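First chain A sits with chain B, and in the next complex the same chain sits with chain C.
Let's look at the complex of A and B:
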């Protein structure tokens, strides 16, 4: 009696907190936790044509995936894609942000230009890129032709397809990264620059010693987000290449989609989703462990 | 940390569990409802304000097809005062099928859904649908007025499960001007694989490739079928459930060798998996011959700045031509909806198969008329006189030798198998061994068939 009473009393803070958290707990449960557990559950089954769990196969789906050359290929493509898009995208965005952070006349115009790709949806911009990549009437091949270079099968040559998709992805993502980084730059205290100027520091010295350290929380955020985004790329693949040619752009999320909604194999699709989840989890944890040490919070 | 203690965490877990179970419960409840719904109690049909029975028609036709469907539906709604059909575009065939899976078998399902030909087996096994045969029998509908070769595809064990609607076959389209320049007879297209290879050799210039084919499983299936080859065992899945793919036999090998020889000789143009790309390549003179759907003939003639010829698809030299398998889609009637709604759907389908409507459909889109009487309509005759190429597609269909090969394969995992073929073709174009890539595609298809058979109840 006494102990329960005191426990009830002691947990009053916790209970109040829970009450405040309740709306988000409910929302998360319905839209995140339930689907997640359901995915894990389905990954241990073969599903029938209606997508219901039919036969429990234990870890067979995982075994099949890890041994399948298609899945390995899709992992490889995903990792390459992340390596192509994330570093270049962020460096480019940082470069633009530094340029646009200068106080010049009419800089607002450039700021709008650089961030404008954010306003175009993935689907719309993919269609535009699709036209530019077109082997017969596309802009890029026309350009190459006028310069006298050999034509490139942008989306049809397995050697090029992933690079082409990466190119368009970098273009699509640079607007968002730019905007976040510019915000970070503008938050840096002007006094730091003033005093360093008095001390006679040059531009690159200031960049290295003041800008980058002060920007590191923003950079850390944008790297994390970009990495996760790159792992989850879907729209541009669906529109530009549909995973082809020769599976060279069959990134893992696209492969999940195809397995589930074209082939109706929800079991193997779920197993792939679980593997992707684990990979992103590990990468993010690693990032926090390794990267955060270098981040300077004010 | 101490303040929070174990208690709230426990709470949180319990709450999460409660919600989870709540979700699963509601899930199974709806399932129960729909299954009991099937077995009895009368359902009220949806009605419009003025008392007409209103039904939905889900289709996957965009562009000119959609415009034509809207006009046809309007014609039906005005032709009588009992029923009202609402046509709704649901995205591509795959997308609309995915949506149907969400509501299939319940009273929310659309009365009519358009499903692509390779979804036939899946639909029959799904339990979502009312076989067309039950209405045909009830109404003593005369099926003989419809095109036999089209019915053959959709007939399973002698019963018609769905109403054929938009049907197309593959054709070879070629550039007559390029033929003249290369010294070939523009009125006589190459018929066999080796003739095509030779012609392609002559037609290829710096700018133009001789031959091309969309990287799409459908064309491979057709080239196998026209040699009389089967796609899967059990007579293409028509005599029993198929258990194995057999398209890596000599017929399939012929097709891959045919493509491989041209690819290695540099006379084959690879324009990928997108219909628009290959069509653009043809009309801009980047390829002289290519395979297209009969529904693409109108577009090819209109877009090309040169004379366009249409021919039968090529076949291997050592075999006789068997003809083509019907492609396209058919209309399925839902089960689990009100009887009046089914009646409405049936009336609409009968309207669709009349010669006048079919003539309009054929002229608007280039799809076949499923009712051959449509070809006697004046508009059609006038159009054929203007564009004799249209007639080739109909002739090719009517010349087809009926048999298991040209009836087309019946498997529920067709979309996956087509994907395997696409991969095989792409690897072939990268220079891999034809037999090796074909065997790999068969292996992938077999795994899919095996899982489908294992999980079928």
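Let's look at the complex of A and C:
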């Protein structure tokens, strides 16, 4: 009996599986794996204007980035942005979801309203926020004026720009988080609450000992997704501030875009992309390691 | 131990038709009271109204001597076991059992001691550190039971607690729940759709149908003297055989389905109405014809189906348009389509009013008593 023949026979299951997976393997290869490996490859090169690899520089791109004050600033802005948007966004969404989960008349209306921001594209809502932030005709400054507070240059003041962008981002993301959390809340067995009511547990006791633990898989999911999304924010920066003023909102993805498509430095842009990838990877792994212990899967 | 009293209690949703109406019953302290009925009859709703999980839209609910209509569930001094057990999946068995104690801010040591006590009573000691998902159905059931017991409330409500268990375990848990109830002397209100559970567990049972009380009483009384045709067919397996009947004034005979003629004894004659009636007879009261039998009515039947269950034989046959069943003890070799002489008595008939359905004539008591006899030398 020849061995290749038996190997061919033994692998019949594996080959069948591979055949079934082929469509997604092809799609992933073309749109995910190839660009990813190409990015890693390019990050070791200096490129010409067309983005072709020209000179192999090894780790010099990375060395340059880690020493560059511009990149450090961009990292700092990104981390601040994540810290501003993720916790507040999720707490807000959880609060709305808890409210909307109550059995009240007309609650369907509020459920639709709270989740409606999901239906608005980043570009469209950014334009609306752009108008609201406008120092002379914007709604926010009008409001401040009527209350008698000093005017704020929302998007033009380096102190305020990142906060302003964060505010609009929270507003944009709250719809999605709300919807996921509401779904999680509605999955909790009603009998658990009834049983605890017979025992005499109050609202906050139930929240702490039933709702939050039972919601933990959903919370864990939404925290992971929100973190990744926050690290990858691009659209609202491009429309609201273009990274300015004085680089204060130059988040890392925007900085990658500028480096590649404005400055045509595909090498350093790729290196930034790789660093971002590693950071998100580390954050996600850390989250899984630390967070999962507190998650109760059914 | 507390009594529970329902006075004219009713329930409606959105002020529409009553789903439950006119419930009047007093559940005595320490009693095992079973609510039984087909699905959708309102028995669970009634239990939830007693628990305070559903609003009472009419009438008065009294727990102990106190009117409880507007008391919150925790003020009613009761515990409840749910059909799906409602265990907290993220807590261990121990934490599940002590959940209610923790709510009441009992000291941790005390909680632990009580949990251990109840766990040993129900054989859960080895599982205290496990999560519910690591337990079998029967063990989960016990945890739910333990949670109800540990609270030491005088009243315990159970909503079909055994319906998710297999038949063997169910029979075991039936006696176990009964034993615990007796030992602790709790007032138990138990909802089930299973008439076997109702018959075997209840001190008294209440049969509900379409939100109305059909009958309340001791299981055996309900079996012997069902108040109406619904109860007659709901309790007992196979159900009581029913058929339309009229009285033939000239021959003084009860004519069942124009086919079976049963002579009516003189003293019973005056009790029967002149209009239509429904007669019922338990399958075990249709007897094999033996030479020594005198009186009664002989009947030649053709079997349409036969089931031999080891210690008893059930066969069915037609009486007019109705299909009746007979249950004989022992194993009988009967073929389908066979002609068979059977025998029944007027005494074992239940007769219901044809229009209103109430019981006109009871069966005559045929139960056996064990008489204690001493052997004297």
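Brief remarks on what is shown
In the analysis below, the second predicted complex is superposed on the first by the 288 of 298 C-alpha atoms of A that agree within 3 Å, B and C clash if a C-alpha of one lies under 4 Å from a C-alpha of the other, contacts with A are read in each partner's own complex, and residues count from 1 in each chain.
Definition applied: contacts are C-beta pairs under 8 Å (C-beta built on N, C-alpha and C of every residue); 3 or more make two chains touch, one makes a residue touch a chain.
The shown structure was predicted, so the numbers you read here are calculated from the model rather than taken from an experiment.
If you put the two complexes together on chain A, you find that chain B and chain C both fit without a clash. In the superposed model, A:258 makes contact with chain B only, not with chain C.
In the superposed model, the angle subtended at the C-alpha centre of chain A by the C-alpha centres of chain B and chain C comes to 150 degrees, rounded to the nearest 10. Once the two complexes are overlaid on the shared chain, A:26 sits against chain B while remaining clear of chain C. After overlaying the two complexes on the shared chain, residue contacts for A:116 are found with neither chain B nor chain C. Of the two partner chains, chain C is the only one that A:196 touches; chain B does not reach it. Ranking chain B and chain C by residues of chain A touched puts B first.
Of the two partner chains, chain B is the only one touched by A:244; chain C is not. Within the superposed three-chain model, A:210 lies in touch with chain C and out of touch with chain B [touch as defined at top].
When the two complexes are overlaid on their common chain A, residue A:54 makes contact with chain B while staying clear of chain C. When the two complexes are overlaid on their common chain A, residue A:296 makes contact with chain C while staying clear of chain B. In the superposed pair of complexes, A:186 makes contact with neither chain B nor chain C. With chain A fitted onto itself, chain B and chain C come no nearer than 24 Å, counting C-alpha atoms only. Listing the residues of chain B that touch chain A in their complex gives 3-5, 7-8, 11-12, 15-16, 19-20, 23, 94, 98, 101, 104, 122, 125-126, 215, 270-273, 277, 280-281, 284, 286, 412-413, 415-416, 419, 422-423, 426-427, 429-430, 448, 451-452, 454-457. On the chain C side of its complex with chain A, the touching residues are 51-53, 72-75, 78-80, 82, 84, 86, 88-91, 99-100, 103-104, 133, 147, 151. Note for the complex: chain A touches chain C at residues 189, 191-192, 194-201, 205, 209-210, 213-214, 216, 296, 298. Residues 7, 10-11, 13-15, 17-18, 21-22, 25-26, 29-30, 33-34, 37, 46-51, 54-55, 134-137, 153, 155-156, 158, 242, 244-247, 258, 261-265 of chain A touch chain B in their complex.
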